[in-house]
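Sharing a structure below in structure tokens format, with a few things to ask.
Chain naming follows the written order as A, B, C and D, and within any one chain the residues start at number 1.
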Amino acid sequence: MIVVMKADATDGEINRVIETIESLGYRPHVSRGVERCIIGAIGDERGKSRLHSLEALPGVESVVPILKPYKLASKQVKDGPSRYQIDGVEIGGTRIVVVAGPCSVESRDQILETARAVKAAGASMLRGGAFKPRTSPYSFQGLGEEGLKLLQEAKAETGLPIQTEVMAPEDVELVARYADVIQIGARNVQNFKLLRRVGEFDIPVCLKRGLSTTIEELLMAAEYILSEGNQKVILCERGIRTFETATRNTLDLNAVPVLKHETHLPVIVDPSHGTGHWRYVTPMAQAAVAAGADGLLIEVHPRPHEAFSDGAQSLKFDNFVTLMQRVAAVAEAVGRSV
Amino acid sequence: MIVVMKADATDGEINRVIETIESLGYRPHVSRGVERCIIGAIGDERGKSRLHSLEALPGVESVVPILKPYKLASKQVKDGPSRYQIDGVEIGGTRIVVVAGPCSVESRDQILETARAVKAAGASMLRGGAFKPRTSPYSFQGLGEEGLKLLQEAKAETGLPIQTEVMAPEDVELVARYADVIQIGARNVQNFKLLRRVGEFDIPVCLKRGLSTTIEELLMAAEYILSEGNQKVILCERGIRTFETATRNTLDLNAVPVLKHETHLPVIVDPSHGTGHWRYVTPMAQAAVAAGADGLLIEVHPRPHEAFSDGAQSLKFDNFVTLMQRVAAVAEAVGRSV
Amino acid sequence: MIVVMKADATDGEINRVIETIESLGYRPHVSRGVERCIIGAIGDERGKSRLHSLEALPGVESVVPILKPYKLASKQVKDGPSRYQIDGVEIGGTRIVVVAGPCSVESRDQILETARAVKAAGASMLRGGAFKPRTSPYSFQGLGEEGLKLLQEAKAETGLPIQTEVMAPEDVELVARYADVIQIGARNVQNFKLLRRVGEFDIPVCLKRGLSTTIEELLMAAEYILSEGNQKVILCERGIRTFETATRNTLDLNAVPVLKHETHLPVIVDPSHGTGHWRYVTPMAQAAVAAGADGLLIEVHPRPHEAFSDGAQSLKFDNFVTLMQRVAAVAEAVGRSV
Amino acid sequence: MIVVMKADATDGEINRVIETIESLGYRPHVSRGVERCIIGAIGDERGKSRLHSLEALPGVESVVPILKPYKLASKQVKDGPSRYQIDGVEIGGTRIVVVAGPCSVESRDQILETARAVKAAGASMLRGGAFKPRTSPYSFQGLGEEGLKLLQEAKAETGLPIQTEVMAPEDVELVARYADVIQIGARNVQNFKLLRRVGEFDIPVCLKRGLSTTIEELLMAAEYILSEGNQKVILCERGIRTFETATRNTLDLNAVPVLKHETHLPVIVDPSHGTGHWRYVTPMAQAAVAAGADGLLIEVHPRPHEAFSDGAQSLKFDNFVTLMQRVAAVAEAVGRSV
């Protein structure tokens, strides 16, 4: 942490900053430049947001953090990539994990039909929401445990592991009984109680970046889970909110190489939510793999125009077959497979 | 809802859209222009997000919603402004409600000292966090129920009603025993389980806009609470996330007149989080009142540089006295009082 | 400028950074912490963006600027507020300067009628575009010099000084013959050739912030004009681009206190473009003055629904009269007048 | 264009809208729904922004455009992709065009050395700035015509066509004498005078998207050039401005499939400016090609840490060789070549 003093800061003001840094347990290091005096606070600053409050002292212009605030998610703890087994499917290795299925589990027929189709096309896992976060209280909110049972049935038939969302701490135990990967949705990325709760389980957690979550905040959210003991976190880029309206969100593929540089955790990409339009899903899935993603999350529906939610961004079965073929070609070009 | 067909849409594609609209229970209304055929779906579209899935049909270019998706929050339900009593303090009337206090309750001395000071300066209510949502798992997370008890003690001494945050559905009952206003933080604005839970109580809820929540989504979040039966919702603008870094967030005061146009619910403004720097809090508080806000949420701390959190944006007591004087002058200019 | 080395940077890498800093004419200052070595580059870093390229050296994690990059626009050069005379109207003093008029000069009747109305309501200056930057090449592009002559006629009759936009370096001389204040539009805020050209004249320049211009970049754009010798720069906040669509842009009133803290230059606000809807213009004009703005830029049209451009955000005459009355009341509350 | 009336709009207000639509030359089409009356304005709405001013009429809630505002850039005019010859290099075909070189031409040695290196690595064209738009007036502004001559010399030796930027209408003729592709920078994307001027030449124009330019506005900027007669426009995605600070900008690769859907014009991507860090350039270049880009714009410098500008995002020669190899592999996977 570096404290930049104002140009006209007095010696008294500088000394008060020095004393405060010492009283907080850090070692001050003063550097007087031509225009400014700057004072470093030497020590492990992570989690020490109290130092920010120094900005309230007279004569202080700004407080600049130097260290990244995450530890367990960083490469300092683990330099190589983390790999997890998800009921026989490895994530974080050379194989690209494709998780496909409908936004919501709507009916037995719909989920079984989809599970068979995505299995046949080469998907590694099945997705489907039983608890749905919806912007409107009047929209379909998911089938709840009934939906989880239908997912279980689809797994029994196809062998595909299941990824499904949990929305509240009190539901984690229930969802963990059915799911192979628990998904934390974008709106819950800073629901800290929920993060802590899934951190208590030994089950892979797919953590989706929020609409306005910085990459650093996403890693801090992962840190909540990791610090409770659950090391199996998968990060998911799914689009951020910008001024552009041609796409539903702005899928930020830059997050892939940035995360690969900063963390050992696997990174997957959701081009369905990221773009919001089925016709952009396949090219962006190809791009995600080319950028280094370890997996994809793809919305597939037997009849998108009848979908209870997200029909506009769901692929029909034949389009999903095409996606898998194209993604396989790109995966091979970057030394991976599907 | 209006369905815009592609320029080269066939009659078959147009007919399929018409049939689908009918099968969903709406009345289609076709309008053939020079360049495009557009088809309206007549009926109450609110909560009917399924219509969006029509975008997946062949020949459809886009689906454009016409009606606003909220009902209970809208002026169609209640044209005049809503007013609530908060233990003797009215919100939504001519008096500007100023809720002041520290970010976190840190100690008995700190909260009592602050309560006395803000009371003396003319504040209407006391704020202070006992459960704190923190970006880092290593930061101070609040005193929990102990903090609530200290707030209660401060209320007993000063008479100021209490506003404090709740982070999880299972804590609502506990917090409601101590608080006069329950606060839902920005990160929980779309924590739908939490919204429904506070909707079951008969206690005013201060709902803070999220960092990337549109005004429409904020009203939909309010709709979750209202639709459970709790009509006492207060909306709070507290800054959105933009590219600008000179301020911690971008306090969006435009939201005040927009909300005043769209809803009957009271609107308050938090310039402390909105700007993130104590020196910008007073001018933006004045601006908020001039824009039509019904109240202010202000962070005040006896010694900001020692604050466990948010010291940089907290006012010292003397600065809060100045704020109150200046806000009073602006309030008078717009026909209100503090 | 501070160079943060990676945790595993070698002594050789550190030495190479030190040597490079010296070779660029700065004095290195090394500080070894627990986790990181950081190296300050002491000297006037402003305009020395070359130091940023140090990020390309092995072992360097990041380069952090410390000083603000502007000089002439800063309070270090001039601590009190700058005041300019605009043909008898002072800007930067206690009086709020209200510049009102149509988006475009459309006809003789339209501009004369408007000039008389805004004069009668108490405006200080007349605005109107003769050269119009339009998103579409098929839209009305302005009357050109004919428009300037009509503005001149309006000034002759009402005595109101004229503010009008210039779009290209080769037109500056022409526009300067007619205008009392030259306006640089939001899209040209980083048209550096144009900035330099208006910097050669001794005429007040109203510089509008771009849709995605940071406050620091706005001050750097002002620095281009100031460094050519023209000291009469007026900064104008007119809305930035965010995810919010309820308003055309997001008027960022936070910029007012931030600019007042950073610069001596006068600051005005354009709530017409900032919100894009006439019904939000008056409350945001009140808020702008409460936040500390030195002036307002308001679109007024005799018959907004017939306007060639920006009708939705233009005030009718009677609404402008109301605006002036309300703004006057707020101005008085903050110790100023209209 | 569709005019949505308020719920309580009177017949008189509806009739006035109908009459105004007719007086502007459009055919009104009224549709009365359960909650709202909506009125379509039938006719070619493109370039007819005057219809927006209807929002100023009493009883009108909003005005919703239906047609895209561009014509010549759209696929309605030309359905297949446009291909141009650039001194023997085709853009828009199956070959990916890689334009590589330094941000600025700094010296004869620097540009010749770079030209040879990128040629050897397989680049198709050479880039280099002679006129530089710089945020600070104190930064290096480019060598001007001397820089153009050095680029010419590099072309003479290597045979690589030249792409270089023009900043002002009066320089277009000069730059066009040296350049094979004229570049319009992000800050000038809505410098309409400059767009019109380059539209008068028969030379390919590479138009870079601005930091806050929507895809629709980018196409409208292209429309300015096309409508002057120059059909050789190349669109370039180079990053937009968002809240994320881990990258300098947010490279918006979604723009590639969106543009491919909307326009016949070739699309290239600049991952150097898009990310701002050399280590993210290669993965994002691979991703751009996988998403469907027709070309890449890559910053390469012999010694990035000595670069006058953009050193942090420039590749060293060996890294550029790696980029070319990896991009070639991805290109092959999507049926193209480098």
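Note that in this section a residue touches a chain if its C-beta (ideal position, glycine included) is under 8 Å from a C-beta of that chain, and two chains touch if they have at least 3 such contacts.
Model, not experiment: these values are computed from the prediction.
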Identified repeat of the B-D interface (over half of residue pairs identical), from B-C, C-D or A-C: A-C
Per Cα centroids, the chain farthest from chain B: D
Mean-CA-position distance for chain D and chain A (Å): 30
Rounded Å distance between chain A and chain C, as computed from the means of their C-alpha atoms: 38
Chain A and chain B, separation of their C-alpha mean positions in angstrom: 25
Numbers and ranges of chain C residues touching at least 2 other chains: 212, 240-243, 245
Chain C - residues contacting chain B, complex: 212, 214-216, 240, 242-247, 250-258, 260-261, 274-275, 279-280, 283-284, 286-292, 326, 329-330, 332-334
Chain D partner contacts - residues on chain C that touch it in the complex: 20, 46-50, 52-57, 63, 69, 133-140, 167-170, 187-188, 190-193, 196, 210-212, 217, 220, 223-224, 227, 240-241, 277-278, 304-312, 314, 316
Complex contacts: residues of chain B adjacent to chain D: 2, 4, 7, 29, 31, 33-36, 38, 40, 42-44, 64, 66-67, 76, 241-243, 245
